[in-house]
Every structure is written in C-alpha cells, then in structure tokens.
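This is the structure, below, for whatever I ask next.
Letters are used for the chains, namely A, B, C and D, taken in the order the chains are written, and counting of residues starts over at 1 for each.
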Amino acid sequence: MVVYGTELKSRLLLGTAQYPSPTVLAEAIAASGAEVITVSLRREGPEGGAFRDLIAASGCRLLPNTAGCHSVTEAVTTARMARELFGTDWIKLEVIGHADTLQPDPFALVEAARILCAEGFEVFPYTTEDLILGEKLVEAGCRVLMPWGAPIGTGQGLRNIDGLRSMRAHFPDLPLVIDAGIGAPSQAAQAMELGFDAVLLNTAVAKALDPVGMARAFGRAVAAGRAAHEAGLMPRRDMAAASTPILGMAELG
Amino acid sequence: MVVYGTELKSRLLLGTAQYPSPTVLAEAIAASGAEVITVSLRREGPEGGAFRDLIAASGCRLLPNTAGCHSVTEAVTTARMARELFGTDWIKLEVIGHADTLQPDPFALVEAARILCAEGFEVFPYTTEDLILGEKLVEAGCRVLMPWGAPIGTGQGLRNIDGLRSMRAHFPDLPLVIDAGIGAPSQAAQAMELGFDAVLLNTAVAKALDPVGMARAFGRAVAAGRAAHEAGLMPRRDMAAASTPILGMAELG
Amino acid sequence: MVVYGTELKSRLLLGTAQYPSPTVLAEAIAASGAEVITVSLRREGPEGGAFRDLIAASGCRLLPNTAGCHSVTEAVTTARMARELFGTDWIKLEVIGHADTLQPDPFALVEAARILCAEGFEVFPYTTEDLILGEKLVEAGCRVLMPWGAPIGTGQGLRNIDGLRSMRAHFPDLPLVIDAGIGAPSQAAQAMELGFDAVLLNTAVAKALDPVGMARAFGRAVAAGRAAHEAGLMPRRDMAAASTPILGMAELG
Amino acid sequence: MVVYGTELKSRLLLGTAQYPSPTVLAEAIAASGAEVITVSLRREGPEGGAFRDLIAASGCRLLPNTAGCHSVTEAVTTARMARELFGTDWIKLEVIGHADTLQPDPFALVEAARILCAEGFEVFPYTTEDLILGEKLVEAGCRVLMPWGAPIGTGQGLRNIDGLRSMRAHFPDLPLVIDAGIGAPSQAAQAMELGFDAVLLNTAVAKALDPVGMARAFGRAVAAGRAAHEAGLMPRRDMAAASTPILGMAELG
C-alpha cells in the first residue's frame, strides 16, 4: 500500500488515545505491527515530552489528527500547529459535524481539505461513504479517503456494507482506509476482504480488557483479510455442495 | 484446546478434498498451521498410497470422516473401516439427512453416535445448533460437538448467530467446533470471537484462486479471533464516543 | 389456506395469554380479524367459565395447545384432556426441550405426534426449521408444520431466514405457519412474502402498549404480506435503476 | 401527517413511471389509497394530455419532481417549468450526483434547495441519511426531508438502519419520508415502525407482476407499520419467555 509516496507494509493504523497507561500503549503499538499511529495535538501538554519520547521509540510514522475540531477554522489552525510541532505534512483531517454521532461535516470537510491541500498538506480525510463527497475531496487534492465503518467508538463494524462496496467500486485505484466504528478483528478482516486498503482504529484496542493481546489480534486479522482478498474468496452459494465428492459407496458392501 | 485428551495448539482443522493437486494440498496444510486434517475413506483407492504418504509427511493427526453416508448402517460401517485403515479411534461422524442442504439427520446421528461411542470410538459429530440434539449427543458419549455455520460448501458463514450463541452458552465447558459453511477468514474470526473453540473447513480453502494463500489467511484469522476472545472485546455501543477526549480547544486561540 | 379440511380466510392465528384484561383480549381478537385462537388447558381454572364465554363470543375456532409440557407423557395427557374439554381434535403440540430457549424437543415431539395422530388428533406441531424433523412429523401424520421464527417471546423475528427459505422450498405444498418469535408487523409481513401460509403470535400483541391497535396492525400486515407474495415482488437489484426513464433533457434548453 | 400545511391521511406516496399501461396506473393509485403522486415534467409530451386527465381523475395531489436532473441549473429550471405547468409550489427535488447509484449530490442539492425555497417553492428534497446535509436543507427552508432507504430501483429496503434511526432521533419533529429503495411491503412497514412519517415508492409497485395487487399490499403495510408505531412495539428480548405462564402441571397427575 502506497500513500502519498510512502510504502506501508502493515495495513493497520492505530490511534493512541484512551490507553490505561503509556507502557500499555507502547506495547500495544509493538504488538499490532502498525507503522503509522495517529496523535492529537492536545497530548502535547505538560506531559507531552514523555509521550513524544514514547512515540519516537515506537519507530512509527506519525499521522497527526484534528480530532475534536468542529469548524473549518479550528481544523485548519490545528493542522498548521500540528505540522509545526510534529514536523510532517501528513494530517488526518476530522471536521466533526454532530456531537452525538461524531459524523464528519461534509461541507466543512471539503472546504478545509481545499485549504490544506493548497498549503501542501497531505490530507487523510475522515469521511462518510458518500461518493460525491469522496469526489469533492479528490478534486480538492486528497490522494486517500478514510470512510467510517460506523460512528466513532461504537464498535458496530461496517454498518452500511452495500454503501462501502459501492465506494470501493467507484474509486478502484485510490487508497481507501476504513476509519472508525471497528470493534472486533473479524470486522477488520471483513473490511480487508471487501478490498479496502487498510483499517484505522483506536477504541477497540485501547478499551479491550487486554489491549496488547487485542492489538496483536487486530494485526493478524488485518493481514488475514488482505491475504484472503488476494487469494480470491470462494463465491457464496445458495445451495449446499458436498466438499467430499461421493464416488459411490459400493466399497461398503 | 483439548479434545479427547489431546491438546491442540492450532484451532483450525482442515479438510483435504477438492484441491487442484496433491502438491497444493500439502502446501496448504503447511501454510494453515493445522494439526488435524479430515480424510475420507474413499481417498484410499488405487491412488490411495500416494495420498497416504502425503498425509504422513504433513505430520498432522488424522480425523477420518463418514462423508456421504446417509444412514446409520453406512456411517457405522464406514467408521469401522476407517478405524482399521487409519489406525485411530477418532471419527468425524456425518450422517446426511437431505441431499440439497446436506444437513445432518438428527435422529440417525444420535443413533450412530450411540453405537460408535459404545464401541470405543471418539466421535466428532457434525450437527446443527439444536440444543436438544447436542444434549443427546453428549448423553451418547460425545465429548465434542461440531455445529454447522451454514450448509456445507455455501460459504454463507454463521447464518444463525443467535442460535450459535445460545449453543455456546448452553455448553460452556464442552469443546465446540464450527464445521461447515465458512467462506471467508472474517467469518472464522467471528466464530472464534463468539467463543467457539475451533473451526473446521475445506471448500473455502480448496476452491480459492490461491489455496495456499487462503490457508495461511485462515490460520491467521482463527488465531486472531481466538486472541480477541481472550483479550476481551469492547462492548458494542449505540452512540458515538470520541476516542480522543477533548480537553477544550483554548490552545488554538 | 386450508388446514385439515378447514378453510381459513385470515392468515393470522392469535394466542390468548398475557393480556391486561379479558376485555382487551376480546377486543384484540376482533381487531385482528383472526379466525383461530390458541388456548391452554390451564385457563380452565376457577375463572375458566368466564374465559370460555369470552372465547365463544369471539366466534373463533379454538386451537388448544400443550404449552408448558416438557415430556411426551405430559403433552399427550394434556392433549387428551384438551380434546375432551374443548371438543376438538385440533391440538397445537408443544414439547419444550429447553427452559431458556423454549425450543421444541425434536425427539419427544415426533414421538408425541405419532401417538396423537394415531389417536385421530389433527396435530399442529411447534417445530424448528430442521428439514428432517419436518419430514418425520409429516411421516407421523401431521398435515401442517409450525416452525419458529425465533425463541418464544423474544420478538427477534425470523432469525434464520435462509433456513426458513429452505424449509418453504422443501415442503412446497404443505401449510407452514410461522409460530413464535415475531415481534413486529413488518416481520409478519416478511414471513408472508417468503411464502409462508400464516403466522401465529401472542406476546407481540398482548405486551404492546395498546394491544388492540397492535392486533389490528398485525392483521393488516399479514394480509399485506400475503397480497405481496401473490402479486409477485420485484427482484432485488445490486445497481440503481432510474424509476423515471430519462428521455433527454433537451426540453429544458 | 402534515406537510407544508396540508394534512395527509395516507402515508404512502406513489410514483407514476414504468407502469405497463395508464389503466393499470390508475387502478394501482386507487388501490394504494395514496393521496399524493409524483409526476415528472417529461410525461407532458405529445401524449401528455391523456396522462394529465388520468391524474386529474385520480383526485390525488401532484408532487412534480426533477427526476434525471444532474445539476443545480437543470433542477431549478425544471422546477420552475413544473410550477407553471402543474400549478403547484410543491416540488420533489432530485439532483442526481452519480449515474450508477443515483445518489443525491449533497452539494448541488443544498444549493438548489436554497434557490427554490427563496422563490417560494415548498421543497421535498430527496436526500441521504446524512445528518449535516439534513440540517443544511432545513436551514435552506425545507420543512420535510426524504432520505433514501437504498439506491433508486434496487428494492434493497433500509440498508443503513442505524443511520436512519439516528436521523429520526435527530429530527424528532420534522416530517421524514423514506424515498427510494423500498422493494417489499415488509420493508415499508419497517420504516413506519421506526417512526418515519411516510414512504414514497414507485418501482416496487410498477414492476410487480400484478401492480394493482401490490399497490393494495403497500397501502395496507404502511398503515400497519404506522399503527404498530403508535401501539408501542414490544421490546426485543435475548432470552425466551413463555407466552403461556405455567401454573404448575399438577392437574396432569
């Protein structure tokens, strides 16, 4: 998988919030095999230094995000500060439209993407499965799209599978990353089997009873789903078909 | 996982029918990490010797099956021949009740299980999610149950999830192996996340475009699903919840 | 719909338990349009007389049931007493196998059906979607089957749609009535659209906030689903298709 | 249900395209009980006169649509012509964004809605379940929203139920009409049970084997779903609960 000219071997991207402790976070990152982790500006407070050291030690590439931003101005300002602070053009662009569902605001998202792309950012937009919204983001300069599976933190999995399938078909050559809503490794594997390029998640690992074990499970499941996509899944059938062909039972005399 | 006193590390059991070639079969077994493979009597024909060498080379434990048997007599006779031929008390007991769905015949299944258990067989019955049928099989002497996910060869996955969940709850300490109907690694992972002990499959690997790649994918997915079950999945939520808690955006002033 | 030689115009059969009051029950029966109602022996206690008057006033045909029976003996004894008390050969045969799921016991069910059919009862067996079990019941003499949609009282609707579809295909000419698990009129309509002949329910009406209004809703939904089945549903499509064909927009010049 | 000051008793709105003949259309309208039918400008060609007579005879209120419009200009021009031709301020606003899915273009839709509302139109926008898009349409002056159930003509039903449920909760007092994707009466009933105010459909009736019978079925199903919503559906349960409470079986002694 190549995004903005960078090749990634792991197709699991990991968030860094809500972990029980920095140690657990560091171990979870290692266990997941992730090469990219998302970070938010706000972690850079009084204890920011220790957090930054931990991140550096992980060897992962940083993808700063604009989590919690509800307007174009907030998101653009946050992105600029993140670029300065983290020294990267990558930005995961979130412009939240609604406090209950945390769904993206399609209108503000496109506007913010236009501004940031024009300023040389490499934008990873958190979006819906809306095809027209996706096209506008591509027109704005985005070279990857990150549609939600379900609202952030719900663990519902892929709640509009037909819509996501349409999206994959509509953008056959664009990297598409499922971002948000994944609650179980089986759901991550399903996303990969449908042909999505990667999965980004946070809560399902951070809030597991054993985050490190869960991180490892997700890493394996994403690899399994990708391998299955490449190996060519059998078609679903309506009628049963004997897996062991019967050649007559005469030998049972 | 311990069945009939044997500890198994891999929770994926693999069928051996329908592969494009013996070489592909051998490579798929190796890639899957399976420790148990099912074989049918019928493979022991003129070319049986080569097949048996291949199986021996795999290092796997054999689980002979009674695939294609439609009556108690056929199944019991086949089981006895299999014991003699393969030198094992293990038998995967299939008594097919209906040619279109290949569903087990609950009545004949219990009768055959009683006979075979009394003769010292260690029976792995292919069954439905019916709880009463399961109880009868346990009464007959079975120490493992293998409920279907969906009809054999359909790749529909777990088509009665609520029923399978009830079964898991009803037999908390008995090894339960999902057998039949699995079409994709995500489905195998889901079965493991629900707490099933293992997955047995054949068509989904044998009929993949690349069976070896798919075998590897299933091996990983089963391990991922089990690890997730042990690591404690997050609860599903109806409402969104920010994974990155917002502490105020004052710093963006 | 003809069962045991009786033609029924309404395809909704109604249970009579759990209503807030006899008056509400009477009004709900009237609003539903049901011609058949199920009754249990146990209602024939001290207040049985009033209940029987109410039933008589409804003009409905009675279908006594063996609810709560857990063994062949209990069920057969209850059926005999019901025949004497209610003066009908009709019996809804329930032999519960498991207290938590209230699923039928396939083995006891067939045995009880054999005994009762031999005694001239016209048996309506509460069964699962298992095809072999269905065949055994038909062999025993049953001329109608009543598979569950989901466990009694759950309101989950049709939880194994593929299995029920197989059952409809397997018994094309036999009256099949979905019995148990229906929680909403849309689910009853769906059962009818799939080609089932009728629906039997109780809790969804009795436990609604307004049982009379809900009874009317179910009556309409069952009729709608049947009419739709007869009118020939459109096939489901994967791709969108304009319902308003476009003939060129030149007129907008 | 009141939309733009007009009270409607029937909650089924019907399209008028794709019928086998004008006679069938007229009979289907009558059988459905619909009080509002949608018409497209283009039917007003050479044979427009006869069509208009048929519509007038139906006694239904007309809701002209902008079907097939792909841009703000097309949609606005079509709406203005429709107002002149049909003599009504009502307009069903469709601005198609994508030829394969026929999904609305969120951006053009809002822009067209703003223009038309400012010109005094009473706009019925065909939209997605996106909450922010819905808010923009309300800001533009729309007093009703018509979210899709699934892409036009697919008959998939409600393919993002969680999203539609969120929409209902987000706009508790606004009339919401499911428009597009409904293929069966059970799906229409389900939409009503979820609390939607009405359903608009076309293909499922026009393309049924018997459109008149299907129109009647949909009329009943919509009424049933609404009645169920008002009567208070029972909650879904995970565990079975006997509908016939057991008071002891001592009487069977």
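Here is the rule we go by: a contact is a pair of C-beta atoms (placed from the backbone, for glycine too) under 8 Å apart; a residue touches a chain by one contact, two chains touch by 3 or more.
Here the structure is a predicted model, which is why all the values come from computation and not from measurement.
*Asks:* For copies chain B and chain C, work out whether under half or over half of the interface numbers are shared, and give different or same accordingly.
*Replies:* Comparing the two copies, chain B and chain C contact each other through largely the same residue numbers, since over half are shared.
*Asks:* Averaging only over C-alpha atoms, locate the centres of chain A and chain C and give their separation in whole Å.
*Replies:* 46
*Asks:* Report, in whole Å, the distance between the mean C-alpha point of chain B and the mean C-alpha point of chain D.
*Replies:* Computed from C-alpha means, the inter-chain centre distance equals 46 Å.
*Asks:* Would you kindly tell me how far, in whole Å, the mean C-alpha position of chain D lies from that of chain A?
*Replies:* Chain centres of chain A and chain D, defined by C-alpha means, are spaced 35 Å apart.
*Asks:* Which chain A residues sit where two or more other chains touch them?
*Replies:* Chain A, residues with two or more chain partners: 100-101, 103, 151, 156.
*Asks:* If we use the touch criterion from the header, which chain pairs count as touching?
*Replies:* By the stated definition, chains touch in these pairs: A-B, A-D, B-C, C-D.
*Asks:* Which residues, counting only chain D, touch chain A once they are in their complex?
*Replies:* Result: residues 97-98, 100-101, 103-107, 110, 128, 130-133, 136, 150, 156, 159-160, 162-163, 166, 170 of chain D touch chain A.
*Asks:* Which residues of chain B touch chain A once you look at their complex with the stated criterion?
*Replies:* Listed in rising order, the residues are 15, 17-18, 40-42, 45, 65, 67-69, 74, 77-78, 81, 100-103, 151-156, 183-187, 189-190, 193, 202-204, 206-214, 216-221, 223-225, 227-228, 230-247, 249, 251-252.
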